[in-house]
């Protein structure tokens, strides 16, 4: 029983933070947002991508037998948090946390996926997963390969250019959305039946847990931005941060972030890199998703309010983090569906309650 | 006087007349956002059209182009207005803030110059209050208007001027006595936004559109004739205006009732579409609470209107209204965004008009806009201080 | 269309407030609570009762043809508010607003109720109604007559001493509760069928609306008590009321009270002295009940928090108002049932929505 | 070090041992409230019984009667303790506040005099901090303890001393330098509550029971030997104690998880009993949120415990805990009261024990008690200031 990260995990997170401080600042986000697909900042993006490669995260959740690092979702938790903290536009977590483990599962059964996996592990190709039946997908336009399914019973690998992508604009200017449609092109590899379904289920849980981790980072970042503004901005002759209304709103946001944190970490720790979660771990993931989404939303609203009219303008970088927090809350099924699931589990008695059930099953992985 | 919540026959006739006119005249498609040049002009045309039906300023006296309606009648008109989703009033600062101020404080010449053009939708008016270092502390204004013969020479920097990018005239507070401090020495002055020495820079909002502006004054000359009220009386005039603003005229209950209605309809559709999937009970509770609060706000406004008609006045309790509607508006839009799920973030393809017509877009735009509610027109923190100090009698902080 | 009270209504409310300021102060409540049925303060209670009689409210909602004043529930709204403001222990509103109109309905059909009605109108007897199937009833032990029903299809009049009453203690020391059971004794008069049901339905709506009005008064009183304390109590060298946290909590409570107020008045105005409400008026009553209960609860919690440790002690009178607010929220069906009814009406489309429906039907009475 | 949320075999053995002992020893019926004389004595006996099983202070070193358990092990014990609804700890201020303080600051003689009796449940300890004019501003204390030979002579007035009516000893802060101001000149002194010159008056709570007391000192003489730490060091010692108090030891997550469990069970029963009647969706949302927050509080405590075991410390973030658990406790009880409806107000007939056993009574008593949570041990307004200033770095007000 230990609930502290390893020094390696902390160091990796610090390395990512340093990199993103340098290459993914608020000003960087603003330039990218204002370029809106114009490609003017492709160079900056390419540079950031190169630097991210140097972190050596490729295949972090892929088994060592398949050429990966063989680590677990909890090893990505602090990294996802940092990606959130920077509102990183690139799909680092989606690729490494969601798609690559699926591709490895596919490749284990279907030789047609070997090349794609090898390219991805060599950081020469980007792979994303497109949840069956979901709407537009962020960054799909930049991927080399896409994992898709006509239903949750199918997991198929396609080259991106074999699919029909249509760009869609998001309120979050940094989410480069596109709808993805199948064409007549045959997949490079395909899995079907319960194996595919389990891969999708496991991916959905990893996605929810790692989005929750990103929300922690987003929430903390927005509080930090608001604190800096409240220290700087004077009104009625004093820093606005000296007002209890400002203090208490930010203290409450901080509290929600700090009490979402252990839930998110426990959820990540309960997940496996490829197997679907048990019922208890699945509920903890839902809990983490709701708690982190609510914390980030509260931080966003408090931070905007603290900024006064500035908070409502395009001119402060706060907006990029707030919009990311709001759009993220609707991903991976969405906050309401996760909350509804928890409610139903309590009502039908399937959720464990009581003091001796905290780690009933959810903590099985390690 | 006695509580009797039935409309009179005259009320019903007014409602029928308004409904008939609006149904015949309201644009079939929503207008594009008035924070765009195209949308501003479309809304300007709508103001003129409203005027053609004598609906543009129903509470103004007939001599100034109004119908002389009382507040209850105004509420009935507004209900009809929002019932058909008629366009938002691009000139609302002129109609509800500047116009009434001018009627009270302007000279006959000023009224003759400004009111008919305002009423006819020929001049659009922007509020020019805030400054970068002032924010909710209006008494900290620094922009000066120094007398030089028949002119004031204005220098300084205003900000958060709503719709100033496309409007024609500005009204605002300026320090005519540069040596003065706080509330003293401020004057209420109007000026054409295209005056030489006035530079306007749009400030994009969260949605990227320039809904407000900052205004730089460099030796801009404004005739002394465009001073409203006496020199140095600006603060008391502005406070009266701010009273209107925080009060009822700018925030029709009908608008929030219409939003609540759309929210309930969305909730019904989404609940039906969910089928057997579990429902987030928090959404049902939030939708119900929103509907209740929109109803309560409407009833409260009828009660206040009755009180005003009976000779009462609005004081600091206007701050209760401001906090209530602004938080209700956020709550309604948050609930809608949650109901829409992943659809909420999608922008409509193509034109501004398409965005205005798209359900999800409307909710997301409305959500972003609602976040400004607890901030502008006196941040809610300040309003709560006012309630505590002036309504409840608690001491200053 | 007018939404202001008459001068007579306001004067009556002021008269009641003056009377209760003199005879139902916090200190009076404390003495009564500490005597707990010991009868030591029977004299004080008797005096208050005598003074209340002088207001001349007897039969306020009873038709003039039956010897009453022939007024409407809205005429009791401001009085109920004042009764709430004082946390009046005596069932003034329950008698005049609920029971007497029912007794008049009964007497119109059953001569056996004539004597009781005459005595009640002459202020020589107290009559209360015991909702069929509900739990213990406040002040029943002090009544001379009780209106009861074995079901909502029956309305029967009994002498109190012909029934079996068992005292039950409430957390609100001023609510002298008793369960009421029928004995073999025959009723003095009885109504059955739809007439009885309609009388009960109408009474339930009046009860909910007038309890909501009392909650307005309770809420306002608790805010006033908290403001007085916050002005008086110094901490860290200044009155605690100068803190934004205190100010904003009380401002919020005030806001909820002030926005419950028009709903409560509109609900009272929509009711008839004897006929059941239509669907729209019934929903407005539910809205009023919820809004007022929530406002009073918020005022109670804010006021207790403002009082610090004092707020948690028996020694401040605040508790009497707070306990009354909390227990009142469970009466007349209870706040949750009213909220659930509103929710269902919105979901099934039976509630009117939209800007032109505000006074659709609910305002029919006048 | 690495996140691994599985219990070890030793953990499982400890849990099994605790469970077996508790199931064999916990009173079959709930004890009457310890705010009554009868209940206090019953709880005192339970403290002695706990000690007989060596479960009364599991985190204390073995030499002082404990088991030397670490914080994770303590959490496991507490889970078992609340799982069976074992009695609340009447001596918790002694066990979790005074005991640890004494171990750190006491002389060997003091430890030998006080700790064994405390551990054995022979002496019950009350905290004697606050004063009428001090409240959350502890540095404003005025009660003096003036040196007179081998004694301190105490004069003044303390208040809100929890359970002082029935306890044996008090520990608190006194001004040993009457000329001093604020934090300086305060000393940490213990004294028998039955000392001549000490008068104790119970203060009835919302439920009418005297759960706390005010204490009047009139020339009460206390031996200098009962000073803990050095003269004038009281503030720093008390701050360390307050850190414990706001921290984890006094608020087992297990307690809130057990309450959440009872709430969920109540919700399930009430929902089933409602049948086809419409359900208030707000209650479902509230119950779900409460359960989530109780789980989150437990997980947060495990995380903090791990951090402390690894050598970390608790600072101002303890204030986050205080606000979180106190508001959670109110929320859980409010939800339960709403679910119980009209039953919530009814008091059980007869004895205190009957009240403790009655479901509705337990919730109502718990609700009233929960309202004290945001107030005592540093009001939540103060805690939020601490979070804002010391965790976030915002300026003092």
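By letter and in written order, the chains are A, B, C and D; residue numbering begins at 1 in each of them.
We adopt the following convention: a contact is a pair of C-beta atoms (placed from the backbone, for glycine too) under 8 Å apart; a residue touches a chain by one contact, two chains touch by 3 or more.
Computed from a prediction, not measured in an experiment: that's the story for all the values here.
**Q** More C-beta contacts across C-D or across A-D?
**A** More contacting C-beta pairs are found at A-D.
**Q** Work out the mean Cα position per chain and let me know which chain is farthest from chain B.
**A** Chain centre farthest from chain B's centre: D.
**Q** What's the distance between the Cα centroids of chain B and chain C, rounded to whole Å?
**A** That pair's centroid distance is 40 Å.
**Q** Please tell me the distance, in whole Å, between the geometric centres of chain A and chain C computed from their C-alpha atoms.
**A** Measuring from centre to centre gives 53 Å for this pair.
**Q** Of all the residues in chain D, which ones touch at least 2 other chains?
**A** Within chain D, residues 280-285, 288, 381, 384, 397 contact more than one other chain.
**Q** So which stretches of chain A touch two or more other chains?
**A** Expected reply: 243-246, 248, 339, 343.
**Q** Applying the document's contact rule, which stretches of chain A touch chain C when the two form their complex?
**A** These residues of chain A touch chain C: 243-245, 248.
**Q** For a test of understanding, state which residues of chain B touch chain D in their complex under the given definition.
**A** Residues in contact with chain D: 280-285, 288-289.
**Q** Any idea which chain B residues touch chain A in the complex?
**A** My answer: residues 130, 133-137, 140, 159-160, 203-208, 212, 277-283, 330, 337-347, 349, 364, 368, 371-372, 374-376, 379-381, 384, 397.
**Q** So in the complex, the part of chain C that touches chain B is made up of which residues?
**A** Touch list, chain C to chain B: 1-7, 9, 74, 223, 227, 230-231, 238-239, 241-244, 246-248, 250-252, 254-255, 258-263, 265-266, 269-270, 287, 290-291, 339, 342-343, 346-347, 349, 351, 353-356, 358-359, 362-364, 366.
**Q** In their complex, what parts of chain D are in touch with chain A?
**A** 1-8, 11, 15, 72, 78-80, 82-83, 253-255, 257-258, 260-261, 264-265, 267-268, 271, 284-285, 287-288, 291-293, 295-300, 302-303, 305-307, 310, 317, 320, 323-324, 381, 384-385, 387-389, 391-397
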